[in-house]
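When the chains are written out, they are named A, B, C, D and E in that same order, and each has its own residue count from 1.
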């Protein structure tokens, strides 16, 4: 198992290398001058030239890439052009925001999706099956930004049930320890904060989680149906096991294998959708961090942000692969 | 999808704020973007100075709602006749938030830090640069144009600035929030991290900053002005989305918000408990012609288009009425604003006539470059472009709307790729040279004169005005230049926008300043 | 003569296809006695598996459905038994093993886990005891290293071993009847020989009735006592192994036996039955074998022959033997 | 059933062959199945409606999608303006109808582009294997390691925001999806006996690839293309929403949402209808895609 | 009828490499075919039997170079197949055709029968369009189908009919040798005999030579002239059909023959039940690969690979029991 894990990790190396090359090239190819952006529309050309010089933007591509890689290897993501801060440090609170959002969205998606899928498969062709699958079909077709907008409008603006923006109430500044507010609230025993944080999470979580939820529900259902038709389930039935043992022990574990893959792939949808959701719900997360950085031409931040997201995505898929191997003894650990 | 309302959706409403009503209260000020840095001199964005304005103070302050000069950290000042030697008499008994005293040495340290890239606190290596200083004072230490020759500490509370040549806007500059005084001890202590650990003399002290979310300030109990500030604290909350920001105000999560969408302003007025605030305009939004390109090299075409645009339509549509139609490049009430200049009236027939004269009676096609971002002077550039496009189509002129990334946009219009473009300019210190010298003199090419307007007469007038010290003389020179500019029509000055804010009506003492940042020390909020 | 443990009377199982219900099993009657091995032979698609799955109530439903007839287990009709009753019957009274040893075990659980589950389904014993019993069962079916094997996963075993595990599982509660649906078809001859030996010995030692489904007449000759021949969802002939293999009466059985290449005979031109097995439900009238039959006459296409008992225990469904009814000939 | 009685010795079938003799190609079967499937039929109808809306836009509405009129700003839906008017006084229905043209075109070109390039690359990688496969697969891995919308944003940032660039970006990010799909299909087809059989007849690679492998990979490609159509439309709208797509006054749906989101409280209709249109079109494609998958996937046949 | 050999296979080896480990390097190999030698005479049917996975199909495919052999020589009609270029092999396939095991998988589901059968003609540029059409009709009739079937698709046929189509396709280019890879094992007995009869008829009609692969001993016996028995990638015995079935030499052959159930309740021959399973070809036992299951295993069997030799009357076997020279070689 360990050897398998190591092998999977080592296989990542070329991918990671490719990723750095892609992110770096993207940045190089983006037209527009960061110096100009930093200084704004009222800057003089001299000031811009001086800043360019200072930022080392005049070096050739490979020199800049070499510097970039060696910095990366030493854990240095560079310095934001906009804020002059160390990106590795500056990024964490944003990353924490995105992680909190995406993790909850994913949990929501998995919890609702898997259960709906199981029940639908179990009660195939029932009213529940039809309605939940129609909802899932609509969910799959939902543009995340529109859903987020409609949610914000209806539940925050019209009904006022949930706050329309941000991670916390500005009147109750949070004491950030880890910047994962839920965790912080638990650590400090601040239940009030926990409640407001959760309340802020609901709308963006649902918006972001709906598409993966729908996909997971559909996947769980079809995978479950297929498993329920399989020979070994017939064997289990033939030996007189309870229906619940058949479904929850034998069928579910098998049905989970394709579902896990989907969950891994949906991590990408979530991370991508986070950009849109964060924009709409003014959620200080990494998606917005990158998006802002793009309009400011903050190269190092764009580069590092994209890289970090891609890295997380790759890691999630690595975990999925390992989980896969842990569930399925047929995966060879050679 | 929306069927999942989770377990805690019991519809309880957000009624916080009610608990801490004992004194001035805490003000939650919501805005569209975060500050870039709390080291005010190294950045130019308004969102930074909005915050630093509370923490830091300048030697000279502007009046509450204009650019009139008033004492700040300097209670008084003297100028010699040639305008080369300025002496500032400093307030006594002022301390920085870290407890160290404010004095002439602190002033000198700060100015030297900005002027000298090799200064120990310049943090050049960490990427700090003080471009506004360079712009306002003619460059940096060692540059030819640099006007501040030396700074002499006469005693603890008296400091002397010696200039190499007169600078008409020197005192005005001293009031700009960029040139506020940081505690030298803090510079020593925090080094390049000063931008996240601001220590000044202002009415509020820095508490914490969560990026892209909130900056929390608390009352400076030891503030040198008795009885101020009135608030216990201020939180600057970032809510980029306009409607989310408004919702937050309506639901009581925030008290005051910037960047009120014009259409919402009307709505707010009808709502109980809410009120709006208007900022005196200090900007111009304009449509620039690249006068080196056909057909805009023909003054008749430029005039025709000036006639073809209905500024009131734009003001109604885009600004919700919160703007004044512009005729000059500088805002009203500014030095050098020429009341005699009357805007080209909206007159399609005249426009047609002019075009026919110029040989473009059948119309033409061109690219209309549209800003990708919203600015106070242009809250919705794309929609404005659509209105303009629509208007020009009546003259058979096809305008293709072109947008680029903001940086690319700026870079390329400087290179002259555009046919016609939208942009604007905001004032910072109330000086007209900042408008006209940058936008319409030959010195501005390449640079902010993206119309490539080069007129010897105008150049001469502007140069003379710059070195003139007497305000009336300067005004006359600028007004003359305005007339020529109007006739040549290198731009369509569209509007001077009135930025609006909305807040709860329990706020008192809040006066929006034209420079976009104001001290909140007089503000009170009651329940 | 031993008592009949399982008897099917006129079993009908249909599959819904669009608006029509296609009969896959169309009136099958047969019986197994205690200690007897009954073989069911017939070509692919003739309804062997559907018959056996119907007994266990394991036909995929929908679309499958037992449309008529009785399944008598020790006199009790289990065709319409409740799910709860079936659950107690399955594995305990009637066990079943399937054709595909490769896919019939859950790949994600160890052999031991699956065996223990089978044991504990019907016996209230501790995990530990169940485990000991599992090891014993694995030993009984002739697998060495039983203690290790129960910790292994199905994919680590060969096909033959998996089929033995399936048998062990089926045997775990000493059922009265074992239904084996082509248990050796997927295996090689040398492994098939092992499995057949095992089943034979289980039948002899425990006196368990076996319903063995196969299409290999060699296997039938090897271990069965009696044989039922199915064609297109019906039983066409029934009798002892010897009568069926040596004196078949039905033209189909005859053709089937003649078309086999034989190891023991000299080379000669093989007999072949023309045409193919009809789709279920394709023939509504007449003998289902008529159009492939050498001896078919006009009546064969109109009249559906009945299963006629010719002599003691030998029955055949063919108009040729319906002596009195030859008006069509 | 009529029975045609012949002499018993004749071994030829005596009952008429029930199976229809007409040859039904797999494609024809597929289309019949598709139409018989209720959901995909609904999907088909939705898409046809939007196609008609797009094609007939000029005849369905008397307004222009670009003409502004400040006197009719933000009017709620009414007989004159079915979907109301937006903040510049333009008819929302008109804009939605013209927007259908744009979305469908973007989807079409992005998907066709991605499909052609992806299929080609996938065929090459899967068929030739070895280092070609190695290299291409790593490139796909890297591209797929980025969340797609992020990559699209980056590409548009490079190329500059415009409708055609957004389309190009979407096509690019979808290339590896098709390529991988085709690659894996080709690899499994290479093992199939009928491909082996074709090689055994002495067939050349090119013919093998285009007569045997490609046609048999078409089913998943078509399913993916249909589903991808929906995805592309959402992605294009997302780019538009972020201001990286169409330039005004083009009535692109995502852009319409972005432009009117500030008015959601005063004029919900200007946000509701464009979003609803996106959802419906995508839903339509997803329904067809699902139906196609069922029709083309032999595993689902038993259902 | 001692005819000249049309096909000679000498020491043919086909290994598949197993990749794995951290860098996905080759960490082992499956010795699917491990040194097989035999020849097929013109006009005869050579049967190859063996259990699943013993390398029968791989042998067949290696001969046609559908799978590249690792080592060894294949000579067809005097041409060294293993030394030819890819293009030459392609042309050669006109004379060497193959029929596959799975009638469902070996026909392209998207082509009509006409296209399927005429494809080899097309590939080798034989005839005009009209002639090809004519030929397809003829072939269909030859294999017992009706010409109007040409317009149908494979899914409209039963397994036996499909196998007929496969045969028609193989015969289209008038090959000399047909390699039949388990052509009847997916079929029911009644259909199986139809196909076997057909194949026999065609052999005479078209003067074919068959290499007939199967796992059913009775089928092989029925159709072949000579039979080879494979075990774990190697031939263990090869002899004239009657010799092999009546006087088998190799213990494996004996066990195999005895394990086949005979559909006659009166015959109850003593069964030799082999213990254990066939070992994995990726890790074959040392010496004689059968020694782990052999009832008459000797010490030498575990160490030394037995030699493939003639034990008289053209009966070849690889077993130490029949190897007088073994001890001599050991001393050397």
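Heads up, the rule we're going with is that contacts are C-beta pairs under 8 Å (C-beta built on N, C-alpha and C of every residue); 3 or more make two chains touch, one makes a residue touch a chain.
Every value quoted in this text rests on a predicted model; they were computed, and no experiment measured them.
Chains making contact with chain A as well as with chain E: C, D.
Per-pair tallies of C-beta contacts place A-B first. Across the assembly, the mean Cα position most removed from that of chain C is the one of B.
With centres taken as mean Cα positions, chain E sits 87 Å from chain B. Between chain C and chain E the centroid-to-centroid distance comes to 32 Å (mean Cα coordinates, whole Å). Averaged C-alpha coordinates give centres for chain C and chain D that are 48 Å from one another. Multi-chain contact residues, meaning those touching two or more other chains, occur in chain A at positions 30-31, 138, 142, 150, 152, 157, 279-280, 294. Within chain C, residues 274 each touch two or more of the remaining chains. Chain A contributes residues 14-15, 18-19, 21-22, 26, 29-31, 137-138, 140-146, 149-150, 152-153, 157, 226, 268-269, 271-273, 275-276, 279-280, 290-291, 294, 302, 306, 309-310, 313-314 to its touches with chain D in the complex. Put simply, chain A touches chain C in their complex at residues 125, 229-243, 245, 249-250, 253-254, 327-330.
Remark: chain C residues 56, 58, 60, 62, 83, 87-92, 95-96, 98, 100, 103-109, 114, 117-118, 121-122, 153, 155-156, 166, 169-170, 172 touch chain A in the complex. Residues 43-44, 158, 160-161, 188-194, 196-197, 215-222, 241-242, 245-246, 255-257, 259-264, 267, 269-274, 276-277 of chain C touch chain E in their complex. Every residue of chain B that touches chain D in the complex is listed here, in rising order: 241-243, 246-247, 261, 263-264, 267, 313, 316-317, 370, 372, 382-383, 385-387, 389-390, 401-405, 408.
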